[in-house]
Amino acid sequence: MRRMKRRVDADRSVDGSDGNGEIRSDLRDLGFGARVTEQSRLRLLNRDGSFNVRRTGLSFVERIDLYHSLLTMPWWRFHLVVFSAYVVLNLLAAAGFMLLGEGALGGIQETTFTGRFTETFFFSVQTFTTVGYGHVFPDGPAANTLVVLHAFIGLMGFALATGILFARFSRPTAKISFSQSAIIAPYRDVIAFEFRIANQRRSQLIDVEARVLLVRNETVDGKTTRRFHNLALERDRVAFFPLTWTVVHPIDEASPLFGLTEHEMRTCDAEFTVLLTATDDIFAQMVHARTSYRGEEILWGAKFADPFVPSDDGILRVDLRRLHDTVEAEMPAN
Amino acid sequence: MRRMKRRVDADRSVDGSDGNGEIRSDLRDLGFGARVTEQSRLRLLNRDGSFNVRRTGLSFVERIDLYHSLLTMPWWRFHLVVFSAYVVLNLLAAAGFMLLGEGALGGIQETTFTGRFTETFFFSVQTFTTVGYGHVFPDGPAANTLVVLHAFIGLMGFALATGILFARFSRPTAKISFSQSAIIAPYRDVIAFEFRIANQRRSQLIDVEARVLLVRNETVDGKTTRRFHNLALERDRVAFFPLTWTVVHPIDEASPLFGLTEHEMRTCDAEFTVLLTATDDIFAQMVHARTSYRGEEILWGAKFADPFVPSDDGILRVDLRRLHDTVEAEMPAN
Amino acid sequence: MRRMKRRVDADRSVDGSDGNGEIRSDLRDLGFGARVTEQSRLRLLNRDGSFNVRRTGLSFVERIDLYHSLLTMPWWRFHLVVFSAYVVLNLLAAAGFMLLGEGALGGIQETTFTGRFTETFFFSVQTFTTVGYGHVFPDGPAANTLVVLHAFIGLMGFALATGILFARFSRPTAKISFSQSAIIAPYRDVIAFEFRIANQRRSQLIDVEARVLLVRNETVDGKTTRRFHNLALERDRVAFFPLTWTVVHPIDEASPLFGLTEHEMRTCDAEFTVLLTATDDIFAQMVHARTSYRGEEILWGAKFADPFVPSDDGILRVDLRRLHDTVEAEMPAN
Amino acid sequence: MRRMKRRVDADRSVDGSDGNGEIRSDLRDLGFGARVTEQSRLRLLNRDGSFNVRRTGLSFVERIDLYHSLLTMPWWRFHLVVFSAYVVLNLLAAAGFMLLGEGALGGIQETTFTGRFTETFFFSVQTFTTVGYGHVFPDGPAANTLVVLHAFIGLMGFALATGILFARFSRPTAKISFSQSAIIAPYRDVIAFEFRIANQRRSQLIDVEARVLLVRNETVDGKTTRRFHNLALERDRVAFFPLTWTVVHPIDEASPLFGLTEHEMRTCDAEFTVLLTATDDIFAQMVHARTSYRGEEILWGAKFADPFVPSDDGILRVDLRRLHDTVEAEMPAN
């Protein structure tokens, strides 16, 4: 099927477009733009899956993306933000209670300004958290009205904070290891571009799908442009993924890599970007992972070593440390 | 593949039906109805993605859609609704405690009706929010039973309110900018209908899919009717969307726009409706965006300007303010 | 495409199997079973979308499906269950405090057993809800330890109750109206099976997909069996669904309804089951709706009336009360 | 369609690869590895759907997967973990209050160290749970500051604990029964591999999809390797699943099981792994189930017994206890 499609592609015009959105040699409509040509030494996608790009030109207000920021900032920063908000809101409330005068709170024992402010702040916290010991308490309508507001803000505020806390904690993410290097390995009668992945999580991934896009410089009519190819995989989807999976792009006549030498690969600023999507067993939700390999991160004439561990207890064991292990392999004469 | 499909379409009957649900010239089964013909000057979809339609005839009860309303009303209104409910429920509870007579609450200091009601209201709030200072407290079975109910309602009520608050805050939405104008640009040997999009959010979108539907007046057998065409895109799906994406509909022989002049486009009340769906990186959930372009919002003989910003730090930069920028382009003689 | 597929189907063996899971005439593998033949007067799917089936043979424990039950029981019952659990848990705790003897709680004023139990129960509630006024309080390690447990159970219990409350409230559901009757209408040169739907919610549905399955009695080799056909739709998916949608199955040569008379339709115990799936605009989640039409609920020689309301304010208006309206239509001579 | 695809497969090279990711005879790229051959007596997937594999080689830190663990551990363990954390955090806080000296808390009545520590611990709990009776209360800035921290930790901690509690309770899961045995049954002119499933939940499943993968030993060129085949199903997807579903793989010329005898099946260490995915009616979310059948768990010459229960009340009844029931069936002479 894919083979058929590729044959169709081969029939297409020189510029490599196939019109079905799968393989495009011209980056214009992908938003990579002409500039990329001059900047082709730049990596588009980093090894850790983050993009090596910035979107500028947004106003400060447009840039604000509060929920996304709160979800993705480091834990120490999240805790700092939430705790600071907690302290600041209670300082504000304490100032409010102070403005109402000395009799606003019953049970205050200190008489200095600092002492009263401190006690008032602690009372605010007891209200905000709904602890409400009651040894200090609001006296009179003004203070009580402020309590009505402050307790409301406390309950709503903690709901937001704890909602985000839990969303951070429970956010469905994949922890997929990619082999340190991609390889060019012997494959049946030809060779293939391969990399290997493993799931580091305890949960299982089902319906795992891999997509590999090649970006590289190409010279057509004497003009070098940056082009983009979707690489056909021998297998682009697996139902189960209990151990490791070697993703394979066979370099046959239909491949844009066909006939390319190791030297050519290194000098065309090739980047292989990888997108994995899957469904997590436990979350029952879609997760994904990204990475990329540069031409110089590819080993020629290698194959992946066996990652299995002998065992006598009837359980298959795979050692994830061996994920990256390769052994030399004899390449077809070709 | 798509090209093949279009060739099949071309083989179809004059009315443009292809029977596979992709391209339909007759709006009847889309619910746009005969009336639309007379109202063809009306926009179906507004620029901001909202539909220019109303569904009437529902009874008041059927129209109520509490959760949807609470999710989508403006923030100020949501806060007003929730705070009002908070005040009203506590006023009701205060009235209940008042009905139980003077001895129902211990610790009340005021003796006037207003004073007692005020203190009782504050006590209700302290119970509802579970602050419970205790300087006022229920005395006797009747008041205590009311407390049992009121604290329960408070906890359940706040759970609803804070749940909706967080659902509003965390609702997965896309913030996609569409280019101000769509353009008719030179494209290979022909011309193409194009528009450009960018993701304004910090999060990445993956698996972005675009669908473009054209609605316009057509005259068949002397009768003008409003017809609808699905426009085949050169690329209708991208795995990554880190920068901008120019969505392209090539106007070749298979396109319903083939041979159309600028004047004809403006006078047939054409509307290009756009639906984008994608998966948000952070939410791991589907998001979408809609917009539409009217015939008069299309620039002929233009192409989109390069949005890239030169940079020396190894990071690709795109300036989102330039998303809308176009430059003049020489059209093929045709 | 679909047309092509149907042609392939026509090439298949008499029993109508196509081997690709799309059209099957034999119900065995759908779990409808031989018995269904004798019970063919029974409706499989009710008008409201519920199935007319029961699964028996599960033990009491296997049958328990607590979360599903709590999500789907009527609101009055849910509130009753939660409130009862609240009262019972506090009665149990009150009994526990009573067992610790008279001095376990400070601040108790009553001396009779009933009075003390009542006060103790109220204290339990104040602990369970974390109101904690403090006019009654635990005295000594035993009572305090019980408080440690009871407050913990209260917080966890309310989290479950309020979680389910919110899950009920926010559960993504569709509110789709189906036309009272399905119709057999003139359609191009032939006739078609049609029904009409509208979205009653304020939110928009996108990517709406319809699937229609026909179940009916068929006599092959003198044996009547109950068979099942997937009906090919002229359009089985719409990107937008702002107004109404008329779902159309053209009764051409490829249709299992081809050549059927009205009388035959009524006497073969036909049932048209309908499944709609869509994505809700607001929830950003998949929703669905089901219904079925029996042979006798089908109007022959009708078409749906125009549901549009004239308007002068530039907004398309559709009157949902007219969803069910049909007008007589002249059928092709055939 | 599937039949067409299989014919294409038949045209492929001896090693059975079809290049489209659907049928692969070589396990290397599925991560089952060479070792599997020697360990082919090992079951890959257990009857209950868990994988019979271990991933080793992760460091202690990499192995930690807190949220997954907390979601999937047994209930008794989850409660133990949460309750222990609750006690330990309050013991720590109590220790903190003790360090501040005797006057830090007002209302403490005991004078012995143990007595004071106990009272302080109970006070900590009252703060942590926000009960806050107030008969014991913080006195002075140091104790109050500790309260500010402890109440904050309590609110955040309980939010995490109750969030996970609810996530556990509401996690979308399927409860699908698989027939005890798979069978080889007569099927039209040939035979078929079949098993039967039923939904044990009260909720309905829609869009149920089945995938069956065969893993077995094969001898090619005198070398025995472990190979893997995707089995084409007569029907791999059903829109509704109200009763039971018999999943059928016809053993025709295109099947890798074609011509296999019962003895051969038992001696090639065959394992049929099954993946079911569906959408739950109530959750509106994807759920799935897995199982596997070994060659020796397959009954030859049987068919599934009718699971229906006679009923007079117009409701179809299926007895789930009969799901596993088979009756002898005459196999075609072949």
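Think of it as A, B, C and D in the order they're written, each chain with its own count starting at 1.
The criterion applied here is as follows: a contact is a pair of C-beta atoms (placed from the backbone, for glycine too) under 8 Å apart; a residue touches a chain by one contact, two chains touch by 3 or more.
Computed from a prediction, not measured in an experiment: that's the story for all the values here.
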Pair joined by the larger number of C-beta contacts - B-D, A-B: A-B
Fitted rotation between subunit B and its twin subunit C in degrees, CA, nearest 5: 90
Fraction-based call for subunit D against subunit C, same above half, different below: different
Centre-of-Cα separation between subunit B and subunit A, whole angstrom: 25
For subunit B paired with subunit D, centre-to-centre distance based on mean C-alpha positions, whole Å: 35
Subunit D, residues touching no fewer than two other chains: 126, 130-134, 163
Interfacial residue positions of subunit A with respect to subunit B in the complex: 5, 8, 15, 17-21, 24, 28-36, 39, 42-45, 51-58, 62-63, 65, 67-69, 71-72, 106, 126-127, 130-134, 137-138, 141, 144, 147-148, 151-152, 154-156, 159-160, 163-164, 167, 171-173, 211, 213, 273, 275, 277, 285-288, 290
Residue ranges of subunit C in contact with subunit A within the complex: 130, 132-134
Residue ranges of subunit B in contact with subunit A within the complex: 1-3, 82-83, 86-87, 90, 118-119, 122, 125-126, 129-135, 158, 161-163, 165-166, 169-170, 175, 188, 198-204, 206-207, 233-248, 250, 279, 281-282, 284, 306-311, 314-322
